[in-house]
Amino acid sequence: MIKVAIVGATGYSGRELIKILIRHPEVEIVWLSGKVEKVTPISTIFPELKGRIELDCYDFVFDNKTAGSADLIFLAVPHRVSMDIAPRFLSLGKKIIDLSADFRLNDPLLYKKWYGVEHKSARLLSEAVYGLPEIYRSQIRGASLIANPGCYPTSVILGLAPLLNPGFVELNSIIVDAKTGISGAGRVPQIFTHYSERNESIKGYKILSHQHTPEIEQELTKLAKRRVSITFVPHLVPMDRGILSTIYLTLKRCTREKDILEMYKDFYDKEPFIRIQDQAPDTKDVLNTNFCDIFLIAKKRQIVIFSVIDNLWKGASSQAIQNMNIMFGFEEGTGLR
Amino acid sequence: MIKVAIVGATGYSGRELIKILIRHPEVEIVWLSGKVEKVTPISTIFPELKGRIELDCYDFVFDNKTAGSADLIFLAVPHRVSMDIAPRFLSLGKKIIDLSADFRLNDPLLYKKWYGVEHKSARLLSEAVYGLPEIYRSQIRGASLIANPGCYPTSVILGLAPLLNPGFVELNSIIVDAKTGISGAGRVPQIFTHYSERNESIKGYKILSHQHTPEIEQELTKLAKRRVSITFVPHLVPMDRGILSTIYLTLKRCTREKDILEMYKDFYDKEPFIRIQDQAPDTKDVLNTNFCDIFLIAKKRQIVIFSVIDNLWKGASSQAIQNMNIMFGFEEGTGLR
Amino acid sequence: MIKVAIVGATGYSGRELIKILIRHPEVEIVWLSGKVEKVTPISTIFPELKGRIELDCYDFVFDNKTAGSADLIFLAVPHRVSMDIAPRFLSLGKKIIDLSADFRLNDPLLYKKWYGVEHKSARLLSEAVYGLPEIYRSQIRGASLIANPGCYPTSVILGLAPLLNPGFVELNSIIVDAKTGISGAGRVPQIFTHYSERNESIKGYKILSHQHTPEIEQELTKLAKRRVSITFVPHLVPMDRGILSTIYLTLKRCTREKDILEMYKDFYDKEPFIRIQDQAPDTKDVLNTNFCDIFLIAKKRQIVIFSVIDNLWKGASSQAIQNMNIMFGFEEGTGLR
Amino acid sequence: MIKVAIVGATGYSGRELIKILIRHPEVEIVWLSGKVEKVTPISTIFPELKGRIELDCYDFVFDNKTAGSADLIFLAVPHRVSMDIAPRFLSLGKKIIDLSADFRLNDPLLYKKWYGVEHKSARLLSEAVYGLPEIYRSQIRGASLIANPGCYPTSVILGLAPLLNPGFVELNSIIVDAKTGISGAGRVPQIFTHYSERNESIKGYKILSHQHTPEIEQELTKLAKRRVSITFVPHLVPMDRGILSTIYLTLKRCTREKDILEMYKDFYDKEPFIRIQDQAPDTKDVLNTNFCDIFLIAKKRQIVIFSVIDNLWKGASSQAIQNMNIMFGFEEGTGLR
C-alpha cells in the first residue's frame, strides 16, 4: 500500500486519476490539490465522485507540508508548472509522475522553441524517464521522475514502433493525420472548446505546428536510430474522448500485409495493453481502457496504420498508473482492467 | 430599402441576424459592432460569412455617429446593456428591436427582482411593445421600441395561447418542462457550456428560478385575463440549437382532442409561421426557420403540448426580423423563407 | 464461483453484462448466444472485448444442452421471447434473471393490453420477483426468476419511493417527463434510431402510451397502498446513454424542502447505490455505474424530483448483476464499483 | 419557369433538393417519387416541409406518364438504378441530373470493377457530362445528362485542381484523409449508421477501397493530363453533415506558400462558390451552402490542403441545382444563396 497525492485534481486528467485510483487495491489517495477558491470536497467539484471518495481539494501552494505523507505525486498540471514544482517534491524524497510536457523533451532548447519559455530544471531532463512502458519498461522501474507521454505521441509511437528498424521504412515519408476528442484541450473554458463552436464540426488545428511534434520525432528517432521528421496534422472531432491517429508511410520495398502484421504481433507479443485488431478500430472500442488498438492495411509499398487510444486514459491517466505500477513493483495492470 | 445596424454582432443572435439580413431584399446592413479588440472584418470573426458580407465590426462605444445612417438598430447585447443604450438611440430618432430582456417585463420591480439591478429606463417599459407578432401584431406596426421575446417564452406562450380563454384551463396546473440546445447560453465560454461538460449529458438548471419565468407569466396572465403562475423547469440538451417545451396542464372539464385541435387551428388560422403538426415534432424540424411547430395530445382532462422552435431564429433573430418587417410595412415573411 | 450464461449477448444489455461480469471475481461466463448467422467469437462482434474474453457466441436454439453447466441465465432478449424460454430453463433447475418486460407485470391482462400478445407463462408471474433491490431485497434473495426492472421504471420508482406513504402526496398529480439516450432503443437499426435522424434533435415519443407506464404504476401503487396513475411522457435525447426522469408532483400540504430531503436520506440510508445529490445531476454523473442520483426542489406544495441512471447499467445490466449478487449471497456491490 | 421532378425524394439528397427548389424562383416541382408504400404527402415523410410544399410522393414505377410534364428530372436514387431509368427518361425528351454514381466513370469496365455489376447504359457514358461547374461549365451548358459528382470527389478535386499543371506536383504523392458526417451513408437504417454505434467515435472505413477513388483519379488524371493515383482513406465522424478532406502532397520543388495561394486565387478568381480561407475551415462554415472552402499550408515541398463542403449540398443537391441553373441559362447562383 502506497500513499499518493495529486496536484491538478480539478482537471480531466486529475479526475480520471482519481476514478482509477479509488479502485486500486495498493493505493491510498492522501491529498488533492487544484484550482479552487477555497478548500472544497472533490465530490462537490465532480458530483460523480460522491460516495466514492471523501477528500477535500486544496488550492495549490507549495510548502513542506504539501502532499503530506505521499510517496508518489502525480502532477496533472499545465506545462511550465511542473518544471517549477517537480524539483521541490523530488528534494523531499517523493517520486513524481508528471503528466505535463515539461520533462518529455531531452533537449532544453527544443523545449524553449516549442513551449516558448526557458526550461527551469534542465538538469532533470536527463534523469526523467519517458513513461511509455512498451518501450521503456526497465528504465521506468527504477525511476524517480516519469515524464508521462502526451496523448498524440502515445498513439503515434505505439502505432509505428514495430516498423522502425533501419532500412525498412522511408523515414521521411511519415504523415500522421490525427483526430482527437475535445477533452484533450482540458477543462478551462475557451472559445476553442465552447460547445456550440465545436459541436457538429471537424477542423484541423495547429497544422504542422503542434507542440507534440518534437516529442514524437524524438522518440521515433531513438527507435529508428536515425533522424525522423514527420508531417503531423491534428484535428478536433465533435466528441469528448478518444484519439485516432491515421498514419501513412511508404516502405522501402513491397511487403505483404501478412508479414507486416507478423512484425506487429511479435513486437507486442507480451504486451497486455496493445491489441492488433483485424478491422478498423473505433475510438470507442478503447474508451475507459488502457488499450491501444492497432490496425493496418498495406498495398504495395504504401501502409496505412490506425492507432486508437482513450486520450485521457492510455493517453494520460491510466498510462500514468501503469507507470506507477511498474515503479512500485505492482502487477502492471493492477487497477486498470 | 432601409438601413440597419447591429449592436452585438459577435454573438450568436448577432450572427444569425446578419445571415438572415444579407438575404433580405429590403435591407442594407450599414454598421456592425460587438466585442472586438480592434476593428475586424466580420468575416474574420465568422469565416462562414466570407464572400457574403464585407463589413467591419467595431468595438461598441456610444457617440452621435454610432450606427451612422441606420433607421433601425438591433440590440443583440446582454441584459442590462440595452436599458442603457436604447434611450440614446431612440433620442436620435432610430427605431430599436432589443433582443435582450431589458424591456420585456412591464413592471420595473419585477425586473429588479429577477435581473438583480434597478431598471434605468423604467419609463420606456410602457412604450416598449412585446414583439410576439402572433399576439401583438397591430401594436408592433407602430412601435419604436420592440422588446423581442425570450426563446423559452416564445415557445411556451405560442404553445398555450389558444387555450387561455377564461374558464377552460385550470390556470394553476401549468407545468413547463423545457429543453434547450446549448447555443441559448451564448458565445462567451463558461464551464457550464464547455464542450466536454455538456456533451452526452442532460441536466436541469435554474430550476423554478429561471429569469424567463416572470416573462412567461406576465404574458399568460394578459392572455388569460387573470393571474397565471407556472412551474418552469429548463434543461440543457447536448445539441447546439432548438427548444422543445413540453407543457402539461389540466382542463376544467374533459374535452375531445379533436375539439382542442380545432381551437388551435382557428387561433392560428392566418399565421404563416405556426404549424399544427400531427406527430410529435423534432426540434430539428424547425432548424433555421421562423416556424413554431405545435403538437398536442389530450386524455380526459390532461393535455400535453409540444412546442418547438429554433432558439436562435423564432426564439431570437428571425422573430426580430419578422418584427422589423411588420414595423416597416414589408410583407411579414420577407427574408424568412 | 458460479457459472452463468447470457442469451442475447449481441445486444447492448448483453454487451454490458459481459463487460461487468468479466471483472466479477465470483463468476465465470460459460456460454453466450444471440443473433448470429454462425458461431462467432464475441470479440469479433464487439472488438472492444478483444483480449478480455475468449468465448464464441452461438445462434440461439433451445435444447437440453443449451447454456450447458450454467447456474444462472441472463435473458437479454426482446419482449415476448423470455416468456417462451424462461420456463424451460427453470425446469432444468437454472436460475433466471430476465431483462425483458415479460415477467414484470403481475396481471397477464395488463401484459396483453400493453404488449399486444397473450402471456404464455402467466402462472410464473406470481413467482417472479421484481428485481429492484432497494424495495424487494429480501424476496430477491430466495428467488429463482427475477424480472429485472425497466430503465424508466427504475429511475421513476427510486425517485418517488420515499414520498409514497399514505396521505403525503396528491397521488393523481404525478407527472414524469423522462429523457433517454438512444441506446435504450436497442441495437437493431431502425429509422427511429438512425444517426442522422436523431442527432442534434430532441422529441417526445410514445406519449401517454409507453409500455413502461403500467410497470411504473403497478409498483407505485404497491408502495402507496392505493391506486396510482401517472402522466408519463418519454423523450429521445441526442446522446447514447443515460436517463433523466424529471418528476413533478403536488403534496397534500406545504412541506419544507429540508424535511423532504430528510425523508429521502432516511429511506435510502443504507443503500450503497442511491446518492442524494445537492445539485441538479447530469446523466453523465452516473455513466457506467450502478448509481441512481436523486435531487429535488420543493416550493410550497410543488416538488420537482430529478432522478438519473445509466439506462444500460442501473436501468438494465448492472442492476441485473446486483440482483445476482443478492441471489447468490455475494456482497451486493461485487463487480459493480 | 421550368418544371422538375424528383425520383428519390424520400432520401436525404431528395429532401435537400426539395428544400432548395421550393425557394427557387424559376422552378416548379411537379412530381415526387421515392420509396413509399402508398401515395403519401411529402410533408408527412418530412414534417419540416409542412406548409412549404403540398405535393404527394409516389412509389416509383416507370411508365410514360411518370414525371408528367417535367422538363428536368433529378435522380436521387441508389447506384445501379439510374442506369436503368435514365435512358427511358432521356428518350422522352427529359433532361437528367443524376446524383448517383452511374454516369460518373467514363469507362464501363471501371464501373463494373468498383460497383460490382455490368453497366447497362454504357453508350450514355460518353454523353454524360461530369457536373462539376468549376471545371466543366461550358459542357454542362448544353448537356442532357449530368453525372453529378460524388461528395468526396467534389471536395478533393476542387481542393487539388489549381495545382495539377504538369511538372508541379509529385503526382504519386497524393494522400487524401477524408472525414465525413454520417448523412453521407444515406437514410436507410443499417448497423453502420445506427446512432449508438456511431455516436462519440471516429473510425476509418473502406480503406483504400472506397468507390469514389476511381472517380477522383479519373478527374485528377484529366486535369493533370497524366495518370494520377491517390491514397484515399475516408473516416466516419460523429456528426450529421459535412466533409473535410485533408490532402497531403509533395511538390517537385520548394515553393512559397504565398505563391501557391496566388495560384488558387487565380484559378478560382471568378468562381462564386469557392472561398480561399485564411484559417483552417470548420465543416460547419459551409453547412447549408454551396461553398467549398479551401485552406492550405506549405512547408518546403510539403503541402497540406483542407477542403470542406456540405456533403448534402455542394456534395450533392445544391451542386445539382447549380448544374440545373447552368443548363437552363439561369444565373448560376439562383436559389443557392
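All chains are identified by letter, namely A, B, C and D, in their written order; residue positions are counted from 1 within each chain.
The working rule: a contact is a pair of C-beta atoms (placed from the backbone, for glycine too) under 8 Å apart; a residue touches a chain by one contact, two chains touch by 3 or more.
This one's a predicted model, so the numbers in the text were calculated from it and none came from an experiment.
Common neighbours of subunit A and subunit B under the contact rule above are C, D.
Centroid analysis (C-alpha atoms only) places C farthest from subunit D. In whole angstrom, the spacing between the mean C-alpha positions of subunit C and subunit D is 45. Centroid to centroid, with C-alpha atoms defining each point, subunit A and subunit C lie 37 Å apart.
Between subunit A and subunit D, the centres computed from C-alpha atoms are 40 Å apart. Among the residues of subunit C, those touching two or more other chains are numbered 181, 199-200, 239-240, 281-282, 284-285, 287.
Subunit C makes touch with subunit D in their complex at residues 12, 181-183, 187, 189-191, 193-200, 239-240.
Touching subunit A in their complex are the following residues of subunit D: 175, 177, 179, 181, 199-205, 207-208, 231, 233, 235, 237-242, 244, 246, 248, 280-285, 287, 297, 299, 302, 304, 306. Every residue of subunit B that touches subunit D in the complex is listed here, in rising order: 23, 47-48, 50-52, 199-200, 272, 275, 277, 279, 281-282, 284-289, 291, 293, 337.
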